[in-house]
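One structure is given here, and the rest of the page talks about it.
For clarity, chains are labelled A, B, C and D in written order, and residue numbers in each chain start from 1.
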Amino acid sequence: MTDCVLITGFEPFGGDDINPSWQVARALDGRRIAGRRLVARQLPCTFAAALSALDQALHGLPSPPQLVLALGLAGSRSAVSIERIAINVIDARIPDNAGAQPIDEPVVPGGPAAYFSRLPIKAISAGLLQAGLPAEVSQTAGTFVCNQVFYGLMHRLQAMPAIRGGFIHLPPLPEQAARHPGSRTLALDEQVRAIQLALTIALRREADLRQGAGAID
Amino acid sequence: MTDCVLITGFEPFGGDDINPSWQVARALDGRRIAGRRLVARQLPCTFAAALSALDQALHGLPSPPQLVLALGLAGSRSAVSIERIAINVIDARIPDNAGAQPIDEPVVPGGPAAYFSRLPIKAISAGLLQAGLPAEVSQTAGTFVCNQVFYGLMHRLQAMPAIRGGFIHLPPLPEQAARHPGSRTLALDEQVRAIQLALTIALRREADLRQGAGAID
Amino acid sequence: MTDCVLITGFEPFGGDDINPSWQVARALDGRRIAGRRLVARQLPCTFAAALSALDQALHGLPSPPQLVLALGLAGSRSAVSIERIAINVIDARIPDNAGAQPIDEPVVPGGPAAYFSRLPIKAISAGLLQAGLPAEVSQTAGTFVCNQVFYGLMHRLQAMPAIRGGFIHLPPLPEQAARHPGSRTLALDEQVRAIQLALTIALRREADLRQGAGAID
Amino acid sequence: MTDCVLITGFEPFGGDDINPSWQVARALDGRRIAGRRLVARQLPCTFAAALSALDQALHGLPSPPQLVLALGLAGSRSAVSIERIAINVIDARIPDNAGAQPIDEPVVPGGPAAYFSRLPIKAISAGLLQAGLPAEVSQTAGTFVCNQVFYGLMHRLQAMPAIRGGFIHLPPLPEQAARHPGSRTLALDEQVRAIQLALTIALRREADLRQGAGAID
């Protein structure tokens, strides 16, 4: 079996020239975790193009992924934030990379108000904390492109019940914090370790579930 | 000439089993910067013993240090905080490691209200930011053992005008942040790089000053 | 027609002996806004009893309310927070007033992931800011009893499409902030003014909509 | 005896059209506390003119004041902040109202590094908290015009040992917080009550001390 894991990260946003979500995804590209190959894809930070880029990433893989983890930057977080829920709202306080700033629009017109993550968010949070990495479950992924991608992903996965999916927000990198007085930060090494561990926990949980299901069969 | 640099860090405080100030000092122990050998010494986190331990460290060196840098942990800081001023106050909101909690006492009875750092605090802050490390000049080192050591150090250095001295506060390590939800953090590697760079900047400045002085002579 | 407006507030929680949500509701009890009489009811701060108390409040009125506004305390907010969305999760980090601490349970088993507020949240936020009152739209009402009541309210209102409903979180009162160093706060007078204005905006909007609908008819 | 109390507040700063320090001072102007008449004077928010305006205020009174309380705005504070110490540094991160932005200059060339407040800062803080008002002792008054006035005041009072003096920072008013998302705030009524109580405590302490001294004489 050759299932893979899709990890998405965003291009740099606004004035910044790096984005930890892509730095982390790129660092993990090609590695294997629990026998699964990790494939990283970059998404544009624009409302107009992010979801079609996600579709291309999802359908451009040799086989359907077993798990999709979307990553994003949360400028005011000091901990790796495992998101619990995506909401059907786009409400941009600042323009995206294309200058668009939609206010109070749905991600998917007529879609449900929200989708829960399909990741074991509490197990991931506990595992990271036990490994000495700052982590927390977050109740809001905001209303910008990150939440749009998270909601769009979970909406697409409604038709693919076997695929796990979710979203994790990452703190700024030290070099970003150096440009924003008072900014919180987490070093790239810790971020990569955190996401690697999050994937290990999610895939192990998945294997346990499948094995359990198999035993019943 | 065999001048050295004395770096002090604190033992772990309260419930924690590590203290970044000592982790960083220990990591630098024995290294050389600008031809100077770094010597690390640990200080107890008690009002009663910290300054006598500082005295032992100062006088136990083979030769007088050219520079003394005291390090401490600031639980709520996200940036390396180069302290500007030490004040003649001890005012403990929580007990020290010996259970003592003095309120509104002077560090040195009859001493001046405050001493300024003798480090090039703006040059250090700018240098760290330029290197992509979060840093800031801080206007208060608090009123706990950190400020006591800082004030006590600068008071002792009044009699040793050739010796530079100052204090830098460090953010919690990731494993500490993992135990305190919402805590800010900076990884050990970044902290060590930051202090190494701070010392390089301070010693280079010092060399420039001496050379300048020599040229005038 | 004698429609009324139901405002709920919570009993004091934990160690505190007051709760701004009830102070504000009580202060508005019996007043009239846009011809509607305000009726305040207190809810217990327990997962087991809050929603049955809400039911009693809803069904104990002489006539169905035109609008239901539930209020709660948000200890870390400095602004009046108009909540956008209620989620189908109870996840208590601390015990409620009855000592219960449910983890990752649904508010309504089998219910949708979330419900949006039926209040004009952006108009309320803008109106408060224009009146010089700190306000913001919030994307999460948390996962404690506040969110449970908000979700439970919106779930009940599914069967009552003519009734507006929503939730607003209030900052701590100054006397609460005085007991919690660093706490944010807003004075009771400002809180009462803010909720009075929020109701005025919501009822005016409602009247406009009804009038508009009538004109079309 | 007709001793008075001088209270200074600042003109609005930067984009704002109000400053709580002046609103509070003005509200107290002409009132009597413990038999002393309160006199309010406004100071310009410029490094060049603030201290000469303070001199005019000090020397323009019919008789020397018994106590001088300077007030200022601290944009990021949520509590009334009773300042402990003024430092001999001007270091402006932003320009003052005249466009000047001095960096690392002394308030008084050749002056001591710092002066302590002559107010009973702990008694004031405790009294405010007991009255249900958020308050704290602060270890830094910053390095802007507020600290300049505080240091300049304490420097002048060196020659007037009978006059008490100090500085208190106030949080933003609600209408200011409404213009700055996430800003902390305290209502004007609470601010006025807080400063009135602070003065009462300071004057009562002063009277006790004088009475005590008299008894010894």
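The rule is short, and it goes like this: a residue touches a chain if its C-beta (ideal position, glycine included) is under 8 Å from a C-beta of that chain, and two chains touch if they have at least 3 such contacts.
On a predicted model such as this, the values are computed, not experimentally measured, just so you know.
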{"item": "Given chain A and chain B, the chains that contact each of them", "value": "none"}
{"item": "Most distant chain from chain B by Cα centroid", "value": "C"}
{"item": "Cα-centroid distance, chain B relative to chain D, in whole angstrom", "value": "32"}
{"item": "Averaged-CA centre spacing for the pair chain D and chain A, given as whole angstrom", "value": "49"}
{"item": "Length of the line joining the C-alpha centres of chain C and chain D, rounded to whole Å", "value": "39"}
{"item": "Chain B: positions in contact with at least two other chains", "value": "none"}
{"item": "Arrangement of touching chains [line / ring / star / complete / other]", "value": "ring"}
{"item": "Set of all touching chain pairs, with the criterion as stated earlier", "value": "A-B, A-C, B-D, C-D"}
{"item": "Partner chain B, residues of chain D touching it in the complex", "value": "84-85, 87, 89, 91, 104, 112-116, 122, 137, 139-140, 142-143"}
{"item": "Sites on chain A touched by chain B in the complex", "value": "78-79, 128-129, 131-136, 174-175, 177-179, 181-187, 189-190"}
